[in-house]
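The structure that follows is given in the form of structure tokens.
By written order: A, B, C and D. Residues from 1 in each chain.
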Amino acid sequence: MFGIPEPWWSVIRAVVWALFIIIFLAVNAIVAVWLERKVSGRIQRRIGPQRVGRPIGWAQTIADVFKLLVKEDVRAEATDKWVFLLAPAIPFAAITLMFLVVPWGKNLIPLNLNIGLLFVVAVTSFEVLGLFMAGWGSNNKWALLGAMRTAAAMISYELPMVLAILAVGMTAGSLNMNDVVNAQSRVPFILIQPVAFLIYYIASLAEANRTPFDFTEAESELVAGANIEYSGLRWAFFFLAEYGSLVGTSAIAATLFLGGWRGPILPGPVWFLIKTYLLVYVAMWIRWTLPRVRIDQLLDFGWKFLLPLALADIAVTGIVLALL
Amino acid sequence: MKVADIGKAAVNIAKGLGVTFGEQLKKPITNFYPDTPATVKDGYRGVPVLVQLPTGEFTCTACMACVRACPIGIIQLDTVMVDRKRAMDEFRLEVGRCLQCNLCVESCNFDALVMAPEFELASYTREPLVLYKNDLAKLYAKYFWPKEGEEHHFPARVTSKHHAPGAGTGTPRGPRAAKIAQTGVTLTPGGGGGEPAGKTPVGASVPAESAREATGTTRPQDTGAQKAGEGA
Amino acid sequence: MGKAERASALEASIKEQFPGVATEVTPRGELVARVSPGEYLDFCRYLRDQQGFKFLSMITAVDYPPDRFELVLYLDAYGATSDAPAMQVMDTRTRQEIGQRSEGLLTSQGTPVMVAATVASVIVKCDVPHDAPVIPSVTSLWPTANWHEREVYDLMGIKFEGHPDLRRILLPDWFPGHPLRKDFTSKPALREPEARPWPVIWPDQKDGRESGE
Amino acid sequence: MPDNLRSTPITMPDEGARELVVNMGPQHPSTHGVLRVKITLNGETLEAADPDIGYLHRCFEKIAEGITYPQVMPYTDRTDYVAAITDEWAYALAAERLLGVEVPERAEYIRVIMGEVQRLLSHLIWFGSFAMDMGAVTPFLYAWRERETGYDFMETVTGTRQLYNFLRIGGVRNDIDDDGWQALDRFLKAMDQALIEYDTLFTKNPIFEVRAKGIGPLSAEEAIAFGASGPVLRGSGVARDLRRDEPYSVYDRLDFAVPVGSSGDAYDRYLVRMLEMEQSLRIIRQAIKQIPPGDIQGKVPKAMKPTGEAYARVEAPKGEVACYLVGNGTVNPYRMHWRSPCFTHLQLLPHWAPGNLVADMVVLIGTIDIILGEVDR
């Protein structure tokens, strides 16, 4: 195409998509943080940021990022050097990889894998590695506690999430993200698979460490959880990764259950963003209403309730598909 | 966990979400203090200031009652003999340590002290937190001096509710009353010019200069000119 | 019969049990009992077990130089009395008012609501000599006495024998002297501890810092 | 840099695994002030908790021996700075009993109104921070919204928002004028809606119920043995309220119900405090109707030089606050001891700690509603 020999063309295409995803994640983190502060403000009858970027404070997060850029990136003497230094990169890498298979439009998909869903699950599972490295690396008792909790919570919520995705895969008949979106042309899967949507959404709240399951930085208990010893840009990466995973899981939920980029008049990507940010808004709304669950109750809920429910859901889907 | 429990739990969570959603639609209740002036209630206890006669003379008779009444002893008073009677020469008040407990105002038998609703007391150094007679006079002028056209009256609170219980008689009592009578000022109890509006927006009434400049610190040596007895 | 009659009835029973105890009834119906350090612990055990004084409100000490400290305990006996002021009791779970307090009340969950009007209150006083300020601890009788006694030890300097964990509670360990004593100068020579790194604390190591005494 | 801290490699101690000793405080988001709890952890479960207090100790009892009787009043606000009126009330009652001063009717009613508004404000702060300890940040902001209307009323009447120095020995400082009554009506209306809103938002929330039920069990006998009082005692099923059992002021003329829990856990203590708020509104409304005209300051001797001793107890929002006052005929009190409920309730932490999780330690601290100004005095 365009007179560029084949190997070079796909390299350029990959570089462009990679840059787009990384820039999208950076911009989205800024927008999500601003949105969170505005939504929490409105819920708590206050205004939220309005000093930087006068009327609605749109430049507030940009100012924060510059502040974090300038802040000193402290590494304590007694930390485990390389584990501490590499920890922030892993969650961020996990989320960028997750966006590889998310379709943006008609044939706007960075990587059209025919096992897209499996790839998504595989990639999000090593996000917990980064948080555990942070907890262990910073040689701080509170951080270690936070890391242990995060590991337990995230692993135990992988299973219901995977099973919910499996249910969607079964109804769509394929694991390819494009096929899933096309299968929802007439009816979005949320109507066909409401239970799977609920399970997936609750599990994604635990994945993204959102209240009522926010264990990484449970302020009132562990002071600041795994990323307590970080400061400056390194801490910003963790923050970026947290909001990235929130938007990431919402994007996948939108693709799987709300019909991804399909929508009446507006172009594909716009619909995709609207649906994603709708789910992000719901996550923020839940965060500023519900209290936090204790770690053992979380694990009980995950193993003893969500998992059996997910298995039952798959069974029912199987039977229904068999009968059709 | 029976199914009924889960149903009830889901309904309760939904109701909780409903409450927060409802709150979102209401108007925020933030008041933008540094931009818009903060309104302070009429009887707000900020800084005890010296009451002044229309002639600028302080009604304080240097009887040291407030010095004894203060639990932490932050009021110092130097006296000087003026025609064989003790008169107040310099009044020093460490506002930084003041508890704002109003005991000094209540202990004063001559209603010479009153609480000004001043709350912008922050300063970069410890120095401006020590107020002298002239600083207090500026504060008094800022809050209690009658506006143009109004005839002189004492701050309403000297006569009304926030004074010593049952003691607010309206006009300064004791030897000062005779002296005041000579100046021909009619002192109607309860404030002739009517009580200052209940919710005086503190920042707005004072033109541009903020309270901090108004109480620029003047050490005793600065007020050399004043030494030769009061204005009258 | 009112609180004052119950106080004098109590006074009578104390007289024959502990003749050495001087008692008088205050106008507010509280019984003041002055006991010697020797019988202090037995008297307290008697009050708690026989006379039902289960609630210890406070323990404090007053310094009367030069010779004695006066240890003061305030004890309450709870229970249902005929003249107890009526109280409308509400059950938290069902949010309904479940009737007057005078008769024995049962909440809907079946656990009885304990009736706790003040039957009688006793002020136990004990003089502790200035030179040997030691007295047996009552923590075994009332668990709440633990910190109260630690505070009296910390601020007044009276040692309590048999106290499970007698160390300073409010002041740092190196603080010289006991502030609430009348002979305590208001500006003691405070000795700042020399700056030393905080050693790693393992549970069996005694609290990781050398305690003052 | 001291040499032995140069680089402490992370090595596990040789004799096998040991518990983790962690300092929770004195700077910790949910210790409600400068409280340090040395907790020993085995993984996530607590093995022991040793509260270390004294960071806010000002020796209020020594200060009181240096100043005159009226001058002690502003200091009493600084013990439980969230419920200042009830602290002043305890001291005023003790001094009045010592001096034999008669308090006029109207002053008693004003004290009851201010005391009950103070109980509402104190419970609002407790409710806000208790919810925030559990992770729900919004109820704290809503509780603060109500407190603002309460502050308006307090500022209109007393002149300050929190440390009032409003009571005097023998009466109160000044009367409530019509600005005050209007501000009080606004506060009562705001509180009525607020209590309904908190109910749906937090009390009925299943996550809260799961996190609060069964935490910090306290039987009736244990509660009395540990010297518990106020909501902590009533949560364990002991019907004891000083406003009824030793009626001071005009409480015997006001009818109100006393909420009493049954199972003595954090959930019941929470319900006791929430229902107490409703009862306080009921008391205030009755007091507004019954308040007689008259003066607000009884006859007080010119120089206060009492002899003898007095022990006055008051039902403060946190529990039984009491002031033991000894006078020896001089101008200054000879000895003053401040009985603080939070100091006594803090002893329950080591009693409850073993077996709970770190997240429960936060709930345990919240359920006894401690204020460090009162614990350390």
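Rule of thumb we're sticking to: a contact is a pair of C-beta atoms (placed from the backbone, for glycine too) under 8 Å apart; a residue touches a chain by one contact, two chains touch by 3 or more.
Since this is a predicted model, take the numbers as computed values, not measurements.
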Top chain pair, ranked by how many C-beta pairs fall in contact: C-D
Centroid-based (C-alpha) most distant chain relative to chain B: A
By mean Cα position, the chain sitting nearest the middle: D
Centre-to-centre distance between chain D and chain B (centres being mean Cα positions), rounded to whole Å: 30
Centre distance in Å when chain A and chain C are each reduced to the mean of their C-alpha atoms: 57
CA centroid of chain B to CA centroid of chain C, Å: 45
Residues within chain D bordering two or more other chains: 5, 8, 138, 142, 145, 201-202, 205, 207
Per-residue multi-chain contacts in chain C, two or more chains: none
Chain B residues counted as touching two or more neighbouring chains: 13, 16, 19-20, 23, 29
Chain-to-chain touches, reported pairwise for every pair that qualifies: A-B, A-D, B-D, C-D
Chain B residues touching chain D - in the complex, by the definition given at the top: 5, 8-9, 12-13, 15-16, 18-20, 23, 29, 40-45, 69-71, 99-103, 106, 115, 161-163, 165-166, 198
Residue ranges of chain C in contact with chain D within the complex: 28, 30, 54-58, 60, 62-63, 72, 74, 78, 84-93, 95, 97, 101, 105, 107, 109, 111-118, 123, 142-144, 146-148, 151, 155, 168-172, 179-180, 184, 186, 197, 200-203
Contacting residues of chain D [partner chain C, same complex]: 2, 4-5, 8, 13, 18-19, 21, 38, 40, 47-48, 53-54, 57, 59, 61-62, 66, 97, 220-221, 224-227, 233, 235, 237-241, 244-247, 252, 255-263, 268, 271-272, 275, 279, 311, 313, 320, 322, 324, 326, 334-335, 337, 339, 343-344, 346-347, 351, 376-377
Complex contacts: residues of chain A adjacent to chain D: 40, 43-46, 77-78, 80, 139, 141-142, 144-145, 148-149, 211-212, 214, 218-223, 288-297
Contacting residues of chain D [partner chain A, same complex]: 1, 5-8, 10, 20, 22, 28-30, 41, 43-44, 131-138, 141-142, 145, 201-202, 205, 207-208, 210-211, 357-360, 362
